[in-house]
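Across the two complexes that follow, chain A remains constant while its partner is chain B and subsequently chain C.
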Partner chain A sequence: MKRFRFNQQEIVFVVFAALFLAFSIFLNGFLTADNMLTLLQNVAVLGILGLAMAIVVIGRGIDLSLIATLAVPGGLVLQMVQNGHSLPASLLAAGLLSIAIGLVNGWLIAYAEVPPLFATLATGLFVAGLGQAALFQLDVVQWSDGMAGFERLGQGSILGIPTSIVMFAIACLVVFVLLRRTRWGAYIYAIGDNPFAARVTGIPSRPIVVLQYVLAALIGCFAGLVMAASVNSMPTRIFNSTLIYDVILVVVLGGIGLSGGRGGVVNVIIGTLLIGTMLNGMTILNIPYAGQNLIKGVVLLIAVITDTFLNPRNEETAQQGDI
Partner chain B sequence: MRETLTRLRYRYWPDHLLGEILSKRWTETAVPVILLLIVGFALSQSLEHFLSPSSLADTARQAGEIGFIGLGMGLVVIAGGIDLSVGSMFALTDFCALYLLDVLEWPVPAVIIATMAVGGLLGAVNGLLIGYLRLRAFITTLITLIIYRSAFDLLIQRYSNAIASAFPDIPSWNFIGGGDVLGVPSVALVYIVVAIFGHIFLTRLRPGWHITAIGGSRRSAYNSGIPVRRTIALCYVASGVLTSIGALFFAARLGTVGGDIGVGLEVIVLTATVLGGITLGGGKGSVVKSLVGVLVVLLITNGLTAMNARGGVNRMALASILLAAAMIDIRWQKNRTRIISKVYVAPTYHALPPPPPTEIGQGGPFEQNDKLRNVTLIGLGRIEAPEDVILDRNDVLYAGSRHGDIIRFFPPDYESMEVFAHIGGQPLGMAFDRQDNLYVCIGGMGLYRITSDGTVQKATDETNRSLYSVNDDSRLRLADDLDITDDGLIFFSEATVRYEMDEWPVDGLEARGNGRIICYDTKTGATHTALRGLKFPNGVAVASDGESILFAETFGCSIKRYWFAGPRKGAVEIVMDNLPGYPDNINLASDGNYWLALVGMRSPSLDLAWKMPGFRRRMAKRVPIDEWLFPNINTGCVVKFNEQGKILESFWDLKGVNHPMITSMREHRGYLYLGGIANNRIGRFKLENADPDFVHYDKRWRKPS
Partner chain C sequence: MLRAHQFACGIIAGLSFTSVAVPALAQQGLDEPFQKSFREALAGKTVAYVPVAMNFDLTEGWYAGLKKELEPYGVKFEIRDPNWNTNAGAQAVTSLISEKPAVMVIHNPDVQTYAKLLQRAENEGIYVIQINMGSAYRSSAFVGANWIEIGERQTEGVVKACEGKSNKIAVIQGALSAAASAYTLKGVENVLAKHPEIKVVSSQAADWDAAKAKAITQTVLKQNPDLCGIVGFWDGMDIGTAAAIKEAGLTGKVFLATSGGGERKGACELVKNGSFDLDMSYDVPTQAAQMAGTIKWLLSSGAKPGSIKGSEYTTLIPITKDNADSQTACWNLSDLKK
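And now, the complex of A and B:
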């Protein structure tokens, strides 16, 4: 069992390789330059979101409001520029909004002790409603002239590598340094492994939990900007989509157990590659949207069941009412 | 001036009610109900047709449909889980009903049964995964939410046209969708029936208790042998079935399968559940809470829609309510006991003049002496907490003990002892009736009778409930001392209605009139409250006229007389007040006067504190209980007084070696027997100039001929 757990990311990687190979051989139009570009671009946003989710999940939380923090601050930038504000001011506003969302999430979870799933479900709903009701005039916020130059965040390439992939790589590097090279990162692992022990040891667990959600919100906002830049608009109805399940899939399939304290950036990369390939293949196979969701749901269910068996809940540190 | 204001403020402002109301379980339901009334009132003011019959019927139909889902969600949440897939199950079962009816043209009863079966099946998937495989409820139902939703999307792509083109006209189906009985919509009727059953199920039936137990503590439930996994799985099945019932009514009412049916429904139902006060994480909840939550959420969302708010506003409102309700609930559940214990103690103003002197050399009847120094001890170390002592006609000595026993010692040397009867609660005051039955006040239990062969019988443990009290004062919390009149009326004191036996000193800190005198009629078996609002009434003795009783108010530091019969019936008169200590039991002396025990002496600090209720309240809130300023009950004395209120004699143990703590005394054949609630002994003191043949109950009931 222990050996198996050790190998989980390798297994996922092998599955990815096999899937990639099979699609390349059997699917026309899979292994083309165009398709690879699309795949990587989709994967980039998903991967960045996966990093945000990973930070929170490692700290034994979950952030369901990620899609809202992707859509609303990103959309806010486009909307403000459209309304005649300058780009830096808009970016600043979006950043502040993301920090505010993260602070609210963190406060609710760390100080008010609302279960994370529950708190972020509600804040996500609130932020999406806020965007819908007060910020955006249309569901899809369009690109405007004031944004000129900003699209390079998601389009084009640097040294032959698509920019969005570079952005993903930068995000990976930052999160890696944070998790593995700083004290805060070590604290996050400690809290995820055993929150009570962490607290008793003197780790400022509540501020660190708040930090997790602020980081997640900022990374989510960054993902939103990359997405907006790559498609030259911000479809804010993305909140109603099932993107959040893809993000959870990335994290869980990559091998970051939902009970916290395990995994890292490598797991996110592997998970992202697998999910990206799967989604892309299904699109080429022309499986309808609902059918794709069904397949994703079943895969996620299997992943969660496997996760439960590989990383069982720690009965000593699991709280009553941990749902 | 300031003192007068303080006195008036504490006399008329009911401080004690806050703690009593908060400690009631119904406050947790009362808050959402009040919210419902406020929302309903606000909407009826701002919307024109809100209270019209058609609008109300429409609301009732929606409330019924969502109410069923709310019941299912409530059940799952009480069991410690959550079910987010209800929205998709609702859509799928709605589709199922219409498909069976419109496309396959099944008869209505078959459609109903099949749809409920499908709902149960969908719920069973959740139940299997969460109950048996022990997955996390939230994430699992989030996944089944998306799986069911995609299945629904795939199905309607294929069949929506067929369903939309059919117009079934079946009377029974139409009745389900739009019928009513005397103006009450069909769905509301069925909901009421199911809700009543649900209430009985949760509160009265074994499976319901199992569910609550699992939600309260899964591990303890497992250890006590409850089939945890199966019960949890069945909760999810029930949630599926209840959702399908809601979907059936919805299908019959609208008959369409739009793509967005049930989207976001789980958030509405979850908000309703949490808002109603069903605790996230399980263990607490009721059908009423579920219903109230659904009504509030439905009124708010419908109200916002009627006011043409944008969709986003609706979402924001729901999310805010959800978060606020969850936060309040979580903080309240966590801090409930602490908050209640902080506000429960409600001291009041209680002023006493300076006490009469007791120091040696000051003179006066209370002047300290060392008369009790030569007390001989009975049962030293073998008895604990003999609050009262009593002797029967055969010189046998009876005393209560902390372990819930009545112990008796045998003459002549009172060395041999035995357990006379086991009652279970702490015995306090005792008295013999004409037939030599021993009546005992048991703290926390009530008034008990022990026949001469040792059989324990309950005399009474409740009295009439007073109309305006918040605490249930029909139960006897602290029956203290008693005496029996010639007509067989037993008057006994209940020291406090606000504290339990183990917390009785806190009542002294409060110094409020929480106690009462209760009368039990041995002939009819009826109990009624004779006097209330007394400051810790304690000792009771029938006075010489046979028409009145003397009773002691411990923290009132006074002896009063109450006439229960005769020309002065109902009158209360002060016999003695401003005693230097806290009076306890009263018993008859051989010379026709009365013995009185002072359980402790007053101290200037507490006397001062009694005039400063704010100070005592702050103390109760900020200082741990073992450091509170309590009345002294370590050193007291025995005094003899007459009915005119004159102290005749006092007996002290100055060194505090043998008998410093006295709660009761009983004269018998020239000796005084002493009991104390904190003692491990009974004292026996030789009285001078006392009638050597005095037997209390021979004198009381005449010698048997």
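And now, the complex of A and C:
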């Protein structure tokens, strides 16, 4: 007989549902269609980044250079247009730069066999430094006239739904199809579950690892463009912020284990919704910043502790490569 | 008669000759007694510059302005960029003390961290000029904005725009740890104390981050669509605030006051396109010129470092639609660097 057990994904969903219910009942103006759209819009970029991180984490890696690939290629587009280049040429340059970052990450991890934590930490620092030293005149790259029209990627709405939510939805769909409907996706799961078994069965595991990081970098670049369009500028200093922890939080909270091979797009959506609900509710309540961090930390701890109690680790379930 | 006439002509001619001849005598030149010692006092001296970070309009503008003013006199420039890292900054200041530059230009990250170090520097015979963010130690000179005044004048602008409207306002602060943000908030409170009719529906910190400012503003506007004004603490961050107002279709209905260094793309252009209604500018080139002037004065005075102390608070330029088009309200970083 199968014992009924909550896994982390369900626990987080229950926490999310409880919070959502509490806010809906006690908080005036929370449960309105407008506020729901705002809630989603505020976490759309975080969600897109979560998807990029999910691909890598499912393949038993981690990508700490993600915020640099959000900031630098996106900033490059704005800077090049400001310097008089055409928008398509700038977008192409940004795309190539992202692919290059992904290739370097992938090569370091798959072929040079550097642990992903260190490889991506270093490339992230390198890319951010490159942007600051060689590419940008100022940390905040301003919007210029040549970008006219491009702000529609992050502002305004399509059929009444804010564009950034639509972009998140498109990214979800693409990543879902990739992970669940293509052979490459199946390979990523196989490598994440057991890299040695995957290699023995003939899966081209090294090229697939490179592919993971290239995809993550491209999605990161896309998230950067949506963000830049939404705030009409690119604050490249975001690399120094704690955004990367929020991205990892979304992924892990949603139930994608850092040991790889488990989870998918749904987990990212659940993680994103939980963070979005917390942020939105606390902003409406006008809770001071320090208090917000405290509450975020407590909710995270509750989710993690509950998971540990309900699903204790043992020798059999613990996997190598756990962080 | 004819004689008399000729005589008169002769006198006039003679007079005009003398009037030409007198300056001709002075062409030997006169030595100005103080310029030589001034040049000697500056030549070969080192000025060390420690901003909180390079690569943003304020610190790049100060650097370019100082260089332009002082390098022609043979002043050497040294720059230490702690890149937002307070510890790295404190280390840079410590190592500079042992290198003994003539002047240190210091942009404090907060009130406490450098205070003791700056006192030590002046005891060691280094002039310390603090810019835009002062520390608890008062050094030879402070050149910079008065954050309290900025907060007050921004809030006055918002309160005025709210007359006859809902009287609901929001405050988007910077980072909680930054003293500039806390000082500005004090200015906001000063004005609000005089206007009990104004209700602050939200006062949140957005960490100088445009994306966070946008998220907060969107949520606040959904809850309070009748909001009449927002006080933002930095124009680089309030691009996000403005984007939220625009997306809600409330441009022109919600009065947005902010502040910054007055760089054209970040200030005037955004006031012109309606993103900001008021941008209190502390005009970076003027600040740089005042710093350079203070350095020249201190070096040529021969005063003992720390023996005289003074402040030069920047006269603020309120940028609104009325002056956003003018050549002088804003400045271009690229031109300043030329």
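Keep this in mind: the second predicted complex is superposed on the first by the 254 of 323 C-alpha atoms of A that agree within 3 Å, B and C clash if a C-alpha of one lies under 4 Å from a C-alpha of the other, contacts with A are read in each partner's own complex, and residues count from 1 in each chain.
In this section, a residue touches a chain if its C-beta (ideal position, glycine included) is under 8 Å from a C-beta of that chain, and two chains touch if they have at least 3 such contacts.
As the structure is a prediction and not an experimental result, all values here were calculated from the model.
By the touch criterion defined above, A:Val175 reaches neither chain B nor chain C.
Of the two partner chains placed by superposition, only chain B is touched by A:Tyr245; chain C is not. In the superposition on chain A, A:Leu258 contacts chain B only, with no contact to chain C. When both complexes are overlaid on chain A, the residue A:Thr308 reaches chain B alone and has no touch with chain C. Once the two complexes are overlaid on the shared chain, A:Asn280 sits against chain C while remaining clear of chain B.
In the superposition on chain A, A:Gly29 makes contact with chain C only, while chain B stays out of contact range.
When the shared chain is aligned, chain B comes close enough to touch A:Leu125, but chain C does not. In the superposed model, A:Asn232 lies in contact with chain C only, and not with chain B.
Look at A:Val140: by the touch rule set out above, it reaches chain C but stays clear of chain B.
For the contact definition in use here, the residues of chain A common to its chain B contact set and its chain C contact set are 132, 240, 288-290. Across the interface of their complex, chain A is touched by residues 53, 55-57, 60, 84, 176, 201-205, 207, 209-211, 214-216, 218-220, 222-223, 236, 239-240, 242-243, 246-247, 265-266, 269, 275, 333 of chain C.
Chain A contributes residues 29, 32, 34-35, 38-39, 41-42, 45, 132, 136-140, 142, 144, 155-156, 162, 227, 230-233, 235, 237-238, 240-241, 279-280, 283-284, 286, 288-290 to its touches with chain C in the complex.
The touching residues of chain B, when paired with chain A in their complex, are 80-82, 129, 133-140, 142-144, 146-147, 149-151, 153-154, 157, 217-219, 263, 267, 280-282, 309-320, 322-323, 326-327, 330-331, 334. Taken together, the chain A residues at the contact with chain B in this complex read 62, 108, 112-115, 117-119, 121-123, 125-126, 128-134, 240, 242, 245, 248, 258, 288-294, 296-298, 300-301, 304-305, 308, 313, 315, 320-323.
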